[in-house]
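Notes to accompany the following structure.
Letters A, B, C, D, E and F name the chains as they come in the text, with residue numbers starting at 1 for each one.
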Amino acid sequence: MPFAQIYMIEGRTEDMKRAVIEKVSAALVEATNAPKETVRVWITEVPNTNWGIAGVTAKDLGR
Amino acid sequence: MPFAQIYMIEGRTEDMKRAVIEKVSAALVEATNAPKETVRVWITEVPNTNWGIAGVTAKDLGR
Amino acid sequence: MPFAQIYMIEGRTEDMKRAVIEKVSAALVEATNAPKETVRVWITEVPNTNWGIAGVTAKDLGR
Amino acid sequence: MPFAQIYMIEGRTEDMKRAVIEKVSAALVEATNAPKETVRVWITEVPNTNWGIAGVTAKDLGR
Amino acid sequence: MPFAQIYMIEGRTEDMKRAVIEKVSAALVEATNAPKETVRVWITEVPNTNWGIAGVTAKDLGR
Amino acid sequence: MPFAQIYMIEGRTEDMKRAVIEKVSAALVEATNAPKETVRVWITEVPNTNWGIAGVTAKDLGR
């Protein structure tokens, strides 16, 4: 621990997801002084049909 | 905020998911008086092989 | 199913939380035609020290 | 209730996921004395590109 | 991995929560053949005012 | 979006939690180029009685 679960819109590149994992892991180590070996981060990608902003789907908003 | 994460069996139509987002967002506004702009709702669809009801998968139950 | 997990800032009244549960449950039934008996809703309250909006805690924003 | 949400790397067989649901459900009944009918378990599978162990993706670790 | 997040009504004893952690961890090892060292289980306790069953709070149902 | 939900052992100081929110938010902006205004981070603190590492509670491990 600590662990982070990331929610983001589906469709980002593998490189961008790798960057999320690297940078969020580093941020957790910096902020908490936890050993890096104990950090876990996982990304849940949400399709734009399944994400609602103020009651409207991201797809209907053109995202 | 408030935010809602919805879990449901995979396979509902896009219209049904849009309705979930609209109606749950409206319900959160009504119940909490939060400004609609701050509400987020996202749906996690679970395959019927991955959902267990009383220890049996939804698939084995024919759902 | 469906299930909803609600995240909101800690400190709302019991009546408001009851309203969230009632209204979100009704919204899920309306939107999905699922039997009401299968709906579950639970609220995770987040202290204002633990919620970050654009990188600033809700507490520091005066919420 | 109780409910369990399982996170694991994507790609296990249907039989293995069925076993997870059966055994975790049984474990919850044994540990809490809750009626089996009230137990729900669902599995969120995470692609190896989306799972980070100590800041490195499971894919880059060869898993 | 695998990881399990358990949701249950607040108020069970420490011994019962220890049993949940032991038995669910063992179940995950048995079902997936993952090394025990990689298993993590955490319990989110939900107050009875915050848990809704078919639209009614667990508190109002006397649980 | 993106959003991050952080799980960590209960008991860190308010300053440390503020640092988690600041640094994880900045990491998400850097990695995804999302506008900072859309980033949300929330921390779920888990008591050491409720967290299991390889089947043993963090409390029993002296953490």
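Note that contacts are C-beta pairs under 8 Å (C-beta built on N, C-alpha and C of every residue); 3 or more make two chains touch, one makes a residue touch a chain.
Not measured: the values here are computed from a predicted model.
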_Steps needed, at minimum, to go from chain A to chain F via contacts_ = 1
*Where the centre means the average of the CA atoms, what chain is farthest from chain C?*
D
*Roughly how many whole angstrom separate the Cα centroids of chain C and chain F?*
20
_Whole-Å gap between the CA centroids of chain C and chain D_ = 24
*Among the residues of chain F, pick out those that touch two or more other chains and give their numbers.*
1, 3, 7, 22, 24, 26, 40, 44, 46, 51
*Residues on chain D engaged by chain A in the complex (per definition of touch)*: 7, 44, 46, 49-57, 60
_Contacting residues of chain C [partner chain B, same complex]_ = 1-9, 12, 16, 19-20, 22-24, 26-28, 30-32, 46, 51
*asked:* Please output the residues of chain B touching chain A within their complex, sorted ascending.
replied: 14, 17-18, 21-22, 24-26, 36-45
